[in-house]
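Look for chain A in each of the two complexes below; its partner is chain B in the first and chain C in the second.
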Partner chain A sequence: MTTEPTAVIHDIGYRHYDGPRLGRGNATMALAVQSLRGTFGLGRAIRAKIMPLLLIAIMFMPVVVSIGVMAVAKERILPYPQYMVFMQAVIAVFLAAQSPYLVAPDLRFRVLPLYLSRPLTVTDYVVAKLSALTVALFLLTAVPLTVMFIGELLVDLPGGARTGDYLASIGGSVVSAVLLASIGVVLASLTPRRGLGVASVIAFYMFTAAVSGMFNGILSSTGHDSLAPWALLLNPFFLTDAVQSGLFGTDPSVGDGYPAGLWTCLILLAEVAVAVSGILLRYRKAAA
Partner chain B sequence: MNGVVAEITYRAMLGRKRIWLLVLLPLALVVIAALIGMIGGADERTAVLLMKTFAIGTMLPLLGLIAGTGVIAPEIEDGTIIHLLAKPISRPVIVLTKFVVAASLIAVFAGVSTYAAAYLLARGDSGVANGFALGAVVGAIAYAAVFLLLGVVTRHAVTVGVIYALVWEGVVGGYVPGARKFSIQQWAQTVADHVSSSAFFKADVSLGFALPAMLIVTVGALVWAGQRLRSLSLTGDD
Partner chain C sequence: MKASPTTCFATERLTKRFPRVTALNDLTVSAGPGVTGLVGANGAGKSTLIKILLGLQPPTSGSASVLGMDSGTHGMEIRRAVGYMPEHDCLPPDISATEFVVHMAQMSGLPRIAARERAADTLRHVGLDEERYRPMGGYSTGMKQRVKLAQALVHDPRLVFLDEPTNGLDPQGRDDMLALIRRIGTEFGISVVVTSHLLGELERVCDHVIVIDGGRLLRSSAIREFTQVSQTIAVEVEEGLEPLAARLAGAGETVAVQGRTLTVQVAADADPGRTYDAVRDAVCDLSLNLIRLEQRRGRIEDVFKEPAA
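What follows is the complex of A and B.
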């Protein structure tokens, strides 16, 4: 007597993928592009779009005012190299709001092993996230600057456009994007909670901004004039402004001048290096 | 007030990474005061500057943000709040308990460090230390209520709170004098000014406006948060 089979394996048509395998490079690129879109709320719920759009709108306000004044009063009011220092609070809020979005959910839901079961390595993951945030920050400042420059070209004031200043400010926004992105990701990756990540990034910014301004004032009022400019460099925005003025010869946006350009560049590189190695260390542990 | 809820909330606040931010910022304030003393800048004017820009202007809103949203927002975010909401405890009581926890934490951390830093710089001069410590405690209560409300109302409580503290109180308040009337840190400064007799310090908002405003904001935020928690929906976004 034969027994009825109790379990049957049905062929439901699973197939191997035999198309081209695109490899690590493409995987990294895909992750970077998806992360970049996410920082501006693209491909996410409508509530996630409100914040980036609002911040972009605020970033454009001084641009609109500046073009308007150039057209009506024939005056240049906002120098390009000072735009970033002027808008630092808004850029800091964008950084604080978006960098935890990039890293916190993956840590919180423990999906890193899923990424790493593909050809992607830990380093690729970090590179993708960092470059997404860098590009996002660059776009956040460079697009308004470019619009302002186009506006200036169209208004065509006597004396010609400030092309040199514009190019310097674009250079400055690349530098600041790299610095801010690495700081944002390293702070945000310390905690799997998004809210706490936002709080730590913004705490870092508010803390350094307050301390740098205060020590600059106190040092110069107590006669330590040579030390005072160094205190400014604590604020990442003044640090990039210092590097910008060191590299491209623009006027400092604050104070009477920064320490020599070589030192500010070295400090900036050191900060980026520390932040990036912090991220790599963190992910070596998180991936395990 | 519910003792058990309070105990659990205290444990959640003090037992996680959140504690680091709560400790580091006040510690930094005291260290900065000591540093300023070392470079020879310790006087009443510097003390007032440090208190205004750092203690009340930076540390207090940040502590408010971390503790005020921290007592309730993470629970809502990961859904564990339903265990609490399913208990026969009235929702306004839950809100009140969480508020007391947040306010007491901010008040202790901000108040003690503010007093210590001001005392390092100005000793007992003109009541600067007393004034700013009291201002920090009063500000802590208002910040705790407002940020607790934000934590109940929106999933992006911290970001919205940051925009309020940084953009409204910091940037807009810096340029537009009228905006200072509606800023918790200005109200805290008013209280500090009322106690201290320092010649270097003049608050922008009158005590007659600041105290009622603070009371209305605190009570209003708590009532609203209590109502809101009665019909909380736990749907997620991104």
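What follows is the complex of A and C.
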């Protein structure tokens, strides 16, 4: 016995697309959003989600402890402006893990020509990748800081909340995110291999951290106390701390004080400018 | 079908010099709508021409236009209206074809929902089924070529540049790809510029062929002109090739026996049907068992044997 077919597949042939075609701005935004999601492992394999989740969990540990101490012992233990310097190793690992993910595969698997054969330009591509990493780094530090602030508001210690410090630390997050993202992308874009990119970013962090600490120690022990603070600025995290201190008047997280705020701001701007031009040069060359 | 512009692309005294090599030398050529083949040996300048047409590289001198837009000044508008399938691998291995093609559609300016629909449609048209949800690292060369083609078509361009689409494919995959290219040009109504260094395969799908060599134009003409020059019919019968040859020669046809095959020349000026009728009648009258009767066309390779104009 045969039954009547209930569904029939029709070959409807090729259909043209008459819908909207958005501009470069939308494409750049779509690329940035997709890249940002990717840095936290969203839309990627389970394996890629482990690292960001682990690092986010570590970022929240001091927050949980701080809120706990505020609630139980009624003491403020972690000043907001020092959170970034305190967590610098974790942030550096996040930067090292995610900046090569953003740029290396497109170079290695030669996806870049596909982007460039579309309305997107090299600059749009770089802007999308840089802003994705900047926003990711900002969220990585600003969300825990904000949770800590909300915690403090809820605990409601005598003497009021440290609103000024909190806002300064958010400003510091923005500054550090811009600096670290440009350093991360320029280092990662030099090699098409993701592993090498990870190694070069982490090596850069360890080298600058070691050198800045060493020079600072040598200079202060030999009596060059006026030069010693400059050595600290070699470490990007101390540099942003110095800028934060200069811009918002927060206490330095290390040492007795940084060089004048104007200089630290200029150094930071120069570093960002060098890194971003390096990225653009790199991609102009890759596109040709 | 969309209204096609009269020219798909045109170049005017186009020259591109690199520090060590001249890739394009005073090239003046144009192509109309339909499927255009761009033929030349490796290093003849085909890929450079495509890059200049896309507005990705400036020419050293001369000018180029695509769909009536100057590629030096309107690169962005051109890239919005065309699709490009590169010669090299360009697929990240750890994501699926669906995700990749959706993403590329968005990069062409399609909103996300439209990008999803178009990606599904396009992948179906290029013949990728369930495997489109698997990471592309595990794909065969044929499947990878299909994804590369899909990303070039997903935003419904008016023109696609396909750079060596049959590269690395086995004979069956090659046939499938060529059939697909023909469909894009006819059924989809999208003009196609396809490059190949294998001349024979392009005559099966192109309306027009441009041959370049060493960055210079060797020949540009409609496919009919390439092939009508020496049209012949190949006939193969089980037995009795000699009587058939004698009979056709007696009827005034130009015949030649090549091994087990009999080739009959079709005079360019005469009504071709007359020769076919003569072959059919002769085979019938002699009660022969016909094995093969096929049209043989002149090969594009022949243009390389002719002295360059």
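Convention: the second predicted complex is superposed on the first by the 276 of 288 C-alpha atoms of A that agree within 3 Å, B and C clash if a C-alpha of one lies under 4 Å from a C-alpha of the other, contacts with A are read in each partner's own complex, and residues count from 1 in each chain.
Quick note on the criterion: a contact is a pair of C-beta atoms (placed from the backbone, for glycine too) under 8 Å apart; a residue touches a chain by one contact, two chains touch by 3 or more.
Since this is a predicted model, take the numbers as computed values, not measurements.
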| item | value |
| --- | --- |
| Partner chain in contact with A:Leu154 - chain B first, chain C second, else both or neither | neither |
| First (chain B), second (chain C), both or neither touched by A:Ala260 | neither |
| Contacts of A:Ala270 with chain B and chain C, given as first, second, both or neither | neither |
| Contacts of A:Leu219 with chain B and chain C, given as first, second, both or neither | first |
| Partner chain(s) touched by A:Ala45 [first = chain B, second = chain C, both, neither] | both |
| First, second, both or neither for A:Ile77, with chain B first and chain C second | neither |
| Partner chain in contact with A:Val65 - chain B first, chain C second, else both or neither | neither |
| Shared chain A surface residues [contacts with chain B and with chain C] | 45 |
| List of chain A residues in touch with chain B within their complex | 44-45, 47-48, 51, 58, 89-90, 92-93, 96-97, 101, 190-191, 193-196, 198-200, 202-203, 206-207, 209-211, 213-215, 217-219, 221-222, 224 |
| Chain A-touching residues of chain B, taken from the complex the two chains share | 17-18, 21, 25, 28, 32, 36, 39-41, 46, 49-50, 53-54, 57-58, 61-62, 65-66, 69-70, 73-74, 77, 155-159, 162-163, 166-167, 170-171, 237-238 |
| Interfacial residue positions of chain A with respect to chain C in the complex | 13-17, 19-24, 26-27, 30-31, 34, 43, 45, 105-106, 109-111, 113-121, 287-288 |
| Chain C - residues contacting chain A, complex | 2, 54, 56-57, 76, 79-80, 82-84, 86, 88-94, 99, 103-104, 106-112, 114, 118, 121, 125, 151, 155-156, 183, 187-189 |
